[in-house]
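Down below are the structures I want you to see.
Here chain A shows up in two complexes: once beside chain B, once beside chain C.
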Partner chain A sequence: MATQIPSTTFEEFEGQEVQQERLLEKKMLLSPAMRYVLRRIGLYLITLWGSITASFIFIRLIPGDPIRAMVAQMQLQGGYNTISTSQSMSDFYEKQFGLNGNLLQQYLHYMNRVLLHLDFGPSLLSYPNPAMDLVKRGLPWTMALVGTSLVISWILGVVVGALVGWARKSRWADTINNISLGLSHIPAYFVAVVLLFIFAYNFPIFPANSAYDASIKPGWSFAFLWSVIQHMALPVIATVLVFAASWLNGTRALVIQILGEDYLTFASAKGLKNRQILLGYVMKNAWLPQISALALSLGAIINGNVLVEQLFRYPGVGQLLVMSTQQKDVNTMMAIVTILIVMTLTANLIVDLLLPLFDPRISYSGK
Partner chain B sequence: MAQVTTRTQVAPVAQQELRQEPLLQIENLDIHFVTQRGAARVVDQCNLTVHHNEIFGIAGESGCGKTTLVEAILQIIRFPNRVTHGRVLFSPPGKPPVDLMSLSQAEMRRYRGEHIAYIPQGSQNSLNPVQRTGDQIVDGMVAHGISERQAKAKVPELLTKVGLEGKVAHLYPHELSGGMKQRVIIAIAISMEPELIVADEPTTALDVNVQRLILETLKTLREEMGVAILIVSHDLPVHAQLVDRIGVMYAGQIVESGAIRPAVKEPLHPYAMGLMASVPSIGGSRERLEGIQGATPSPLNWPDGCRFHNRCPYVMDVCTHVPPLLAQPEPGTRQVDDLTRTIGPDHLVACHLYPESTPQTGGTHE
Partner chain C sequence: MKAFIGIWKMSMKFRIGFTMLAILILLGVFHRLLIRWLLGDIDPLEIGTGGGIFLDPSRDHLLGTDRYGRDMVGLLLSGLPITLEVAALAGVISTALGAIIGFVAGYNGGRLGDTILFTITDMFLVIPTLPLILILAAYAKGLGVIELSLVLSVFSWPFAARVIRSQVLSLRERPYVELSRMTNLSAWEIIWQDIFPNMLPYLGIGLAQASIGAAFALVGLTVLGLAPSGILDLGTLINNANQWGVLSLGKWWLFVAPMGILTLLFMGVALINQGLEDFYNPRLRGMS
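After this line comes the complex of A and B, so read on.
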């Protein structure tokens, strides 16, 4: 024999490594699941800080000085007109709004105020009311709108998409697929304009603006809820049409890929009924990836919602964001952006933590 | 639990008699593959018979149509493959024969799993990745009218039969080794006690030890359950270990079929001879393996006459234009070119070296 077997074989090396790993695991006090959760939460906090800081910097970089514009406005109305008063007024308001000092000082001031007091400073839009109050007023409307659109479009898109993929050769599936391919590339606000024109202007079936009929007193009455649903219908339909279409396309592609898998051939060779194959094999494998995609799509649906709210004069944070941008209301903008970032990232965190419960192939250990 | 055990407890003697009766008869089966350059005849005029309780092997090189043929039996053949002609008669005991090719998908579903089970080629990916193996055994039985409770009760027994522990039922496919997955698939295949198991390369991608265990399991199942097995493999030693009769397939056609011993020891068809010569023997002298000259022809353009003629060392004039028929040569010992061959009964061959294969009318063109 020309080649000698080395004294330490591969198996022994491997054995040592495995032993060391076991020792390490014993030393660690936390279970793999706990470590996964902690790591994921750590990542969440870092991402949160990074994105809030980035939006802080970008919003401060928008040119223009809202305070000087406001002071000039006040001087015009009030008639007093000395340089010293205008300077001291500017200084006073800059301090009020947290806009004094350099960028770093402003940033520290902002983080301190937000983290310790959950306070974003006063709003410019309705001074001296805090920006947080404006956001609080709009947030429930936006959450209802976005939440409803998200849930309906996901369920509709995934279910119809699976059926369209399943029956991909039939004419009706082909038709639906082509329509949805077209729809998914149209922006939601354009669909909203078309819907407004048809169903609020030409055929006034639905109301065109605001969130409820002003003549009805807000409360938990049936009349009020019905009015809310009526006002929500068009914006929700506009968003659902576009987003359900993209869910549909994604799920259809996923299902067609699954239909080519070996386990599907075997499933039909077992003599399973079509219903069993569709539910137990096709849907079960298609909806898991779409759950992770659901959390990721939250950002996109919120973005799309901003312009839809504006079109329908819906009193949510989307419309508020447009108004505050026009007025360069820095504090309100930051409040809205920060809260939307927190919502999106938290939703992602929750899905990431829950996914191992749904998908047997994902384990907490991260191996 | 005992209620759902063996459906037909056949006495050994009766079993021997049954072995003479055909269970599956494939008659003149054509399968075409529709391409842009025309229809490719992937399986062409295929004839073979599997008897009750028999293990029948199909051998042949890659691309000769083995897998397509067995998929056609179960009608799980995929577009663009299509059965264009022929019958597949299936005769379960005590029932009239039925032509599987004439059944609709809904009617065929009742046969799949219940009467004809399938062990697929890609066994590593043939289990649903997001379902526990136990549930995958159960859903097949439920599809054939067994109550879920009864089906669940039968799972441990099925797993034991294929040499697995009962707790495997609670695992997901990714938690199993390749050999274990293959056993789960066999457990699914036998769950309805079918008359026929169609196994497509059941041991490919498994190491020799696991391979042997799987083959042993199949053998035992045949003895215990009285099932017939149609096994496809390119691996001749697998056939030599397991099967009773073998069919050698070349270019979409069965070129030789017969009992395994004579077919391996004294193959009649030159292609079969080449195939047997390609198997190295452990302990034999390390010579260059003979193998077969040339490459497999394309299904889009099979050669005229005998499809093997351009690779055949015994090629004659007639081979280039007359397709030989699959026929039984007169039993007895005879001299074939430079070889002495003892031909037994029930040994069919399609080769002009045996005058029985040459069509009598002469000049038949395709």
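After this line comes the complex of A and C, so read on.
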């Protein structure tokens, strides 16, 4: 996708590269498919490293010293205060939180801890519990919310979008298109507020906050699952409305482009029924490109989800992020940011690796 | 100007979007006058100036008052210009940044430079950046409008860079650019004389997308109550409404009024964007 545009200024260096590639191909050291996979995984590792390092630097640049604030708080409660004890306490906690040494030392220590032990250090929000534990508690809720909204909105958007594109001249298609154009340009949070007011306060059909009814014991019981679904309904519907609208617009545009292709004229000249053309030709060409767009949209949907979770007081990582930001809990912030980045980049990697298997138009050679 | 009239005549979307945005900008520019005219000579942010807390809409207070007894219309009018300023500033900064990166990557980056810059652009587009903005803005207390715009533009330049790079890639293959290249014009001359004038509409599209991105991020920040303390924008009003639980009090307009204005802003810019795209790139009609 990135570098397919032929360049006219063919520098020497590029010529060499092409020659080397040809040489490799000749020797059959690696099949083109294998090379594509390796290159994609290499790119994945580089972007992963780059984004984690960038966020590490961003977060460490935050002014203020949460450890000293904590120690001062503890001393206030403990009721004694000497300079040497306060210094040694600070040192102890700084070491515990991985905040001692200069930025490079901290970075190496951090990378080592995260890569080898999947450990982000203790959290400040509920010391001495590891930050990772807090994230693990919130992640299932967020993934359920984001995953459900993503799947439903994608299917709804692509199917309705294809139909709207197919019937683009009819009045109902036009109406749906205009509504979705409007919906796709407002934050999911706004829709959530409107839904909340109507369906939770005015007509109390759905609960207004938290993830399940506190009176039900969590477990794999029917009552608990039903309560979870009820609590998920409003946030999911809000996110689905906005994101389905943007899928709808994208798919509609794709379908209208496809409708002008020669093979469709040929298909109808062959005497295929409209339904066959729609399902076998139009849909098939429309849903594949939308799969790679699906992975790309993950970041946006997670962004929106932070706000939606906050509104519904949903115990996911979005709310955890806001809490840890208010408390200057550096380790928990890092853990959340890193895990969200790993999730989105991995989803993109998987889609990019699998897509050529489904879509014959994309070849493994990447050329 | 000629182009503007052309788009205005052709695109209904552009007409509607431009009108919406123009009204908002006028309201923002003349907010002091309007406040004085509607509420008299008061500071709309001062506590208790509305005569009572959580008043229902009436003739004196068209949208009622909030928990601190401030008139809601006054609050909206003083919050709007801040949202507009940050969105516009961040949009301009990130378009400039995106233009530089888009030009460098697309025109004389070579294959390697283009790949590196485009990978970075892509990375910023793919990863969820709101968490990072949240963290950054929450700690840099005492940020003014300009600093906040700078922070936001760090994260919204990729929207502009992507649009501009793809156009540069296509423009540099045009025959007239080829001709200039053959007559040994330098890269900067070609960029400035041949490519840049043709890029203006795309810079406009990039600006629209970047300022929407920045406005989304700003509202995200302030809605969560994590904005710098000195900034009261429309998102702050939404956060207040959320904090006070006004929905359970039945005072939905405290939520809906700021959201409605923001929706107008988002839609207005999005419609202008669509109109520009339809006009300059009919092939891309309706694609995002």
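The criterion applied here is as follows: the second predicted complex is superposed on the first by the 341 of 367 C-alpha atoms of A that agree within 3 Å, B and C clash if a C-alpha of one lies under 4 Å from a C-alpha of the other, contacts with A are read in each partner's own complex, and residues count from 1 in each chain.
Quick note on the criterion: contacts are C-beta pairs under 8 Å (C-beta built on N, C-alpha and C of every residue); 3 or more make two chains touch, one makes a residue touch a chain.
Keep in mind that what you see is a predicted model, and the values were worked out from it rather than measured.
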Chain C versus chain B on the shared chain A, clash or fit after superposition: fit
Larger contact residue set on chain A - chain B or chain C: C
Check whether A:K136 is in contact with chain B, with chain C, with both or with neither, and answer first, second, both or neither. neither
Touch test for A:Y281: chain B only (first), chain C only (second), both, or neither? first
First (chain B), second (chain C), both or neither: which does A:R39 touch? neither
Contacts of A:V193 with chain B and chain C, given as first, second, both or neither: second
Kindly classify A:A267 by the partners it touches after superposition: chain B alone (first), chain C alone (second), both, or neither? first
Between chain B and chain C, what is the tightest CA to CA spacing in Å in the combined model? 13
Pick out the shared contact residues on chain A: the ones touching chain B in one complex and chain C in the other. none
Inside the complex, what are the residues of chain C that reach chain A? 110-112, 114-115, 118-120, 122-123, 125-132, 134-136, 138-140, 169-170, 173, 178, 212, 216, 219-220, 223-224, 226, 238, 242, 247-248, 250, 252, 255-256, 259, 262-263, 266-267, 270, 274, 284-288
Note which residues of chain A are touching chain C in the complex, please. 2-3, 5, 7-9, 11, 13-14, 43, 46-47, 50-51, 55, 58-59, 62-64, 181-182, 184-187, 189-190, 193-194, 196-197, 200-201, 208, 246, 249-250, 252-254, 256, 296, 298-300, 302-303, 306-307, 310-311, 321-322, 325-326, 328, 333, 336-337, 340-341, 344-345, 348
Which residues of chain B touch chain A once you look at their complex with the stated criterion? 74, 76, 78, 109-114, 117-118, 120, 122, 124-132, 139-140, 142-144, 172, 174, 185, 188, 192
Using the touch definition from the top, list the residues of chain A that touch chain B in their complex. 261-263, 265-273, 276, 280-281, 284-285, 288, 359-361
